[in-house]
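Chain naming follows the written order as A, B, C and D, and within any one chain the residues start at number 1.
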Amino acid sequence: MSIVQSVTCPICGCLCDDIELTIENNEVVKVKNGCAICEAKFLGYRGHHRIKTPLIRKDGKLVPVSMDEAVHAAAEVLANANYPILYGWSSTSSEAQRIGVELTEEVGGVMDNTAVVCHGPSILGVQEVGIPTCTLGQIRHRADLIIYWGCDPWSAHPRHLERYTSFAEGRFEKSEWKAYMQKLKAQAGKKKVQSATRSGLIKTQPPRASSCTLPGAPPSALSKRGRKLIVIDVRKSMSAEMADFFIQVEPNKDYELMQAIRVLIKDGELDVDKVAGVPVEYLKEVADALVNCEFGVIFFGMGLTQTAGKFRNIEVAISLVRDLNMRTKFLIMPMRGHFNVTGANVVSAWQSGYPYGVDFSLGYPRYNPGETTCMDVLIKDEHDATLVIAADPGANFPKKAVQNMVKHPLIVIDPHMNATAMLGDIVFPAAFVGIEVEGTAYRMDHVPLPLKKVVEPPEGIYSDEEILRRILEEVRIIKKQKAQQKVEAT
Amino acid sequence: MTELLIKNGFVFDPLNKVNGEKMDIAVKNGKIVEKVNEHKAKIIDAAGLTVMPGGVDIHTHIAGGEVNTGRMVRPEDHVKDAVRKTALTRSGTGYSIPSTFVTGYRYSQMGYTTVMNPSMAPLEAKHTHEELNDIPLLDKATYPLIGDWWFVLEYLRKGDLEECARHVAWMLQTTKGYAIKIVNPGGLESWGFGRNVHSIDDQVPNFCITPREIMVGLAKVNKMLNLPHTIHLHTNNLGLPGNYTTTLDTMKALESVPSDGKPNMHITHLQFSSFGGDGWGNMRSAAEEISKYINTHSHVTADMGQVIFTDTTTMTADGPFEYTLYQLSGHKWVNSDVETETSGGIIPFHYKKNNAVNATQWSIALELALLIEDPWKIYMTTDHPNGGPFFAYPKIIAWLTSRKARMATLKKCHKKAQKKSLLPSIKRELSLYELAIVTRAGQAKALGLTNKGHLGVGADADIAIYDVNPETTDIARKYKAVRKAFGNAAYTIKDGRVVVKDGEVVQNVDGRTIWLDVQTAEPCRIDEQMKNKFREYWSVDYANYPVYDHYVKVKDPITIQASV
Amino acid sequence: MVEQKLKVTLLTGRTIEQGVGKEKGKSSKEYFDACSMCYMDAGDMAKLGIKNNTNVLVTTANGSVVLKAVKYPRAATPGLIYIPYGPWANAVCSHATTSIGMPSFKGTPAEVEPAPTKKVLTIEELLKTEFGR
Amino acid sequence: MIVLTPLKTFKFPVTAECINPDVFQGKTVAEIAALPVFEGNRQKTLGELFKIEQAEGDNPSITINGDASEVRRIGYGMKTGEIVVNGNAGMHLGEKMAGGRIVVNGNAGQWTGSSMKKGLIEIHGNASDYLASPYRGSTDGMKGGKIVVDGDVGADSGCYLSGGLIKIKGSNTGQFLGYHMSDGTIHVEKNAASRLGANMTGGKIVVSGTVEEMMPTFTIDSVKPKVKIDEAETATGPFYVFLGDLAENGTGKIFASKPNNPNLKAYEKYL
């Protein structure tokens, strides 16, 4: 039995690096410090959903083949492809991503990562107006106003509050954990009263919950001492329940709400009484809170990137923060979700200049989301082969995109038999990055962290890096042979 | 490894006092040697060509979090400068923030072989090193930003220089860094809450320390650690009208640190610290005041920070300065504060000839380079990409060596800037010998890189050969030919291998990453207390902070014995 | 009055159960349970005359899918349904990218109707139906 | 005049900025056929993808007969002459155009007329997203010239417009029409979608039909009986005139037809 400390969790953009694992007989048996998802991964990665050997679809069924056969088949597909897509790159290391760029360049394909379906719009927004941001520790030490907008950290980044924001202890700001526990107790008390009323033990009618389009708490919550937490969302998420102040915005109306706040923080007047279902009176209180904090931060998620406006929502959120810097210190950060998706952007940018959706078909990198992003290529069916690594578009892409994807050869590299692997033509089993393979990943704030190898991968299972390298070598051999044949033919 | 003989070139090797003599250079096993077997060696006929040590850049932002964020936010910058893949080289993009491979190729095409990345947030050091690995053809090093590191502020506040020195040594090792980088000391911590310091005697909020104490303290630490380079300083109030007085105060403050007649500070991109006037309306050059001080003191070296008239991207750890630039320009603004350590910012910027301030900035850098008499004190940089992209160096070479070249540019500048410029009164034109100092020898000397910047026996065989015949070419008149020659090296030789010929990459090799392994008598104690402090200060675990050896592809550590 | 169909806005997104399920494996029971469902407002469920855990058919311009309707445990969200990310959600959400690469995973107009007799497909069945594999 | 006929239906993107009267000018059919293009990641010649014929007339014009919806960058940066596409045209049609005329008898793809400076583009079908809008991260919008679309236009059209005229005759536009525009004119003859003129700082958008929703950050200024579109044309109202976008301290103007937008009546109390 051994204990490994300071392990980086390979799940979400938080990359909590304080995980303690107990290893017995080359298996993780205990997880300390992690969230529920972290535990599920470290304890469940070995489950029966693992792919055990390379597979190739023959007569409609995936059948086991040798590694060499699979590598050759994949390389043939890619070397001959006229417009291949190489997609995924998020649940893997920067080291593998580097080879990915080289492979895509070699086969003249479109390299895209999962940012396209999460924070791609954030990158587009940043490209319009820049981004005032920081590392997470900065927020832990200094932020006295924390806003989660269109995101639910409790569900998607379970330890975010505890490690980096409201419930974390910083040099200049204290944790709000105690205050929150008291609030919980008070609420529990209220619930008891309510249930007592329902069962007839108390005769007086409890106050009705306020209408859902109105903020959930009185603006006075914004004048409390200590760190304030505001959640803005279309529904009352678990995180919203923790907040001091919750603003429920009508779906697809975040853009209007932010523009209105931009006017209000400049002491401007609006010709309307309500924006996005929120009374302007409330918004004025919010604007005051924003201007009067010492150090504020907005975290935003898919609630902005995936709703109407998409990257314009991000652009205007950033503009709001930029405007706020005229009055106080204010920063903003996307809640990057998928493990090392940030690394995929980072690596792609340093090698090609562009963070995602990079098209190498003309022999040099080109970038234009909407044109060179895999979603658009798939929906227009312009591709003739796809390689998917470290992502599961089969489960996470809209139906039409997947339908077009399976029209052409589909190569899949993944540890698990996920939806894409089930649909694949050539399937490679991969070792788990951050459990069975070491490497580097980038946290949501671009801080690089080392990933540890804590157990040996199963026999005959290679790392993403190794599989990609072998495919790349094989592609080069095939291209050389073809060039030679061409010379001989003429 | 093949032997190489470079025959009959005009050699400019200032560190060995060789000034244009026609001689042969012999290379074996990647080093300069006395001689090689002429029958076995590969011969390069350099007759009629200029031979210099490979170029050394003391300050160029080419890798790391800030640079890469710059890449990410500027697709419109890359789209105008795409670089195709070849059988030998990788594809990529420019323009002002080239992708890593393109950075390596373009430097090498100009005959450069060693470059220093001057601005690395320690927390993001792994990122910087990952990128450096992907920059081919060059030797590289990087400076961690530690002027606003909480540990430094706290130890200096306590007056515990020894403990401070031990921690700085630890930081250099841990981040695989090369020098102490200080940016707007005290200002970056203040920027954590949106504030700044405005003189070297302002108090840093919450830390009871002044920029003066930080700079002087770290200069002393630098000396205690026997570091090869001095503190590398970006001054307070950078980029603001009237800041030259702050710069003078800073240089005067460092007089208090004993230096035995040697430099104890390097002011980087001096142009940005030499503004006169008291507002943008009457902003003027203070090159005269600054150069006068430097000419009469021996403890300062500097680099130019030349402005190029083009669309570029400014990026610096000086977060508050970038915010000022945002307010001036309204361009997209990136701010990136790093916990416990530093801050940073990015603004795209187009320097225009017809803008009086920009044109004055252009003039200031040249005035400084020409008014500072000793070329060993000021080196050629653009503070890439802040003043402009590094591949504009041939233009600067022309301006420095040819009065005709710079007057031709000045003539196109804003009238107000023309009128105020000191350039018309400056006759000086650098010789090829002096040029070799400001582009390689001086930089190598300031950096304490003993194997670089010269062609003496034992030096690294990093050599640049340019198609300039000093016997037949008057470089002051034929500046266009000079510009072309220095933009497309006839040969660039890296570690004894020809990597560029006639301006094209002909061999793709990896350069090395250089860092300091500073040995202190009693090393910095990493005990539970330190680890707890770590958790308290940073949001990562201690074990995940260092740049482990495997992060560096080709390792070249230099061991330093500290006197503490 | 009980209605046949209800017009709603479809949101998709993460839930912690979906997060745990995806790590357990895409054909795991946890993943199935977490993703083949849709959160609905209690009032809306009453309007359709259905109880918690009744199957419903969700239809958009892009297709339809059978899911288990689950009462949203927190504040009222009339007119909204929420399906966790996964192939079930993707059977109905919009692929329109407005030329930026991002489909419209949130805010799609949809209709919900009770389908107590229809079966929720397993991931294998769903992939087979939609993609023939 | 040169006539191009696609030899097949293109599956892969075809990148063909050489289809430009300035490039064709003075070249023989054989020389034109040898011009390089890309089909997916394969370099080809124009002649491998199109039948190329010399037709009557010496004028610098090009006609494409057939579906060119996968052919990108047609007329890229063109300065003179005329291109007629009898069919659909692909992305980046007339991007950075500096003169001449393009006519599409069909639909046009995204980024048509992107960052154009001068000239005329007529689209007799629909235009897609980003009509006249600049490249990612750039604020270099359309500066001059004229674009007329008989059908609908997609989202994010006319972004960073700083001159020229865009006329939309179809019954729909996408969101964010005239985003961040600073000058120039957009005339929507029928209806405009929400987020119209968001972040605009100058210029004018005239909507003769309905405005789906006015941004809350616009303020009503006046009611005007008519508004000038260009030298030749005046739109008759009456129009509500809105100023904005206040979020950008903008002074752009949105003219919204009074009779067609009774929902804007509530604003009259601020007049």
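Assume contacts are C-beta pairs under 8 Å (C-beta built on N, C-alpha and C of every residue); 3 or more make two chains touch, one makes a residue touch a chain.
This one's a predicted model, so the numbers in the text were calculated from it and none came from an experiment.
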Practice task
Please state whether A-C or C-D has more C-beta contact pairs across its interface.
Solution key: A-C
Problem - Rounded Å distance between chain A and chain C, as computed from the means of their C-alpha atoms - result: 21
Completion exercise
Cα centroid separation, chain C vs chain D, in Å, comes to 38
Problem - Centroid spacing, where centroids are CA-atom means, of chain B and chain D in whole angstrom - result: 46
Handout entry: Cα-centroid distance, chain B relative to chain C, in whole angstrom
Key = 57
Completion exercise
Residues in chain C with touches to at least two other chains are numbered 98-99
Exercise for the section: Pull out every residue in chain B that's touching 2 or more other chains. Expected result: 73-75, 79, 332
Completion exercise
Listed in rising order, chain A residues that touch 2 or more other chains are 124, 127-128, 308, 360, 363, 367, 369-371
Fill in the blank from the handout: Every chain pair meeting the touch definition is listed as A-B, A-C, A-D, B-D, C-D
Handout entry: chain C - residues contacting chain A, complex
Key = 9, 11-16, 19-20, 22-28, 30, 62-63, 72, 74-78, 80, 82, 85-87, 90-95, 97-107, 123-124, 127, 130-133
Handout entry: chain B residues touching chain D - in the complex, by the definition given at the top
Key = 73-77, 79, 332
Completion exercise
Residue set of chain D touching chain C in the complex reads 110, 128-130, 154-156, 174-175
Fill in the blank from the handout: Touching chain A in the complex, chain D uses residues 11-13, 15, 38-42, 70, 72, 91, 110-111, 129-130, 135-137, 156, 175-176, 179, 195, 198-199, 215-220, 245-247, 249, 267, 270
Problem - Interfacial residue positions of chain A with respect to chain B in the complex - result: 5-6, 8, 17-18, 94, 98, 102, 105, 123, 126-138, 140-142, 163-164, 171-172, 294-295, 322, 325, 328-329, 331, 345-347, 349-355, 360, 363-367, 440, 442, 446-450
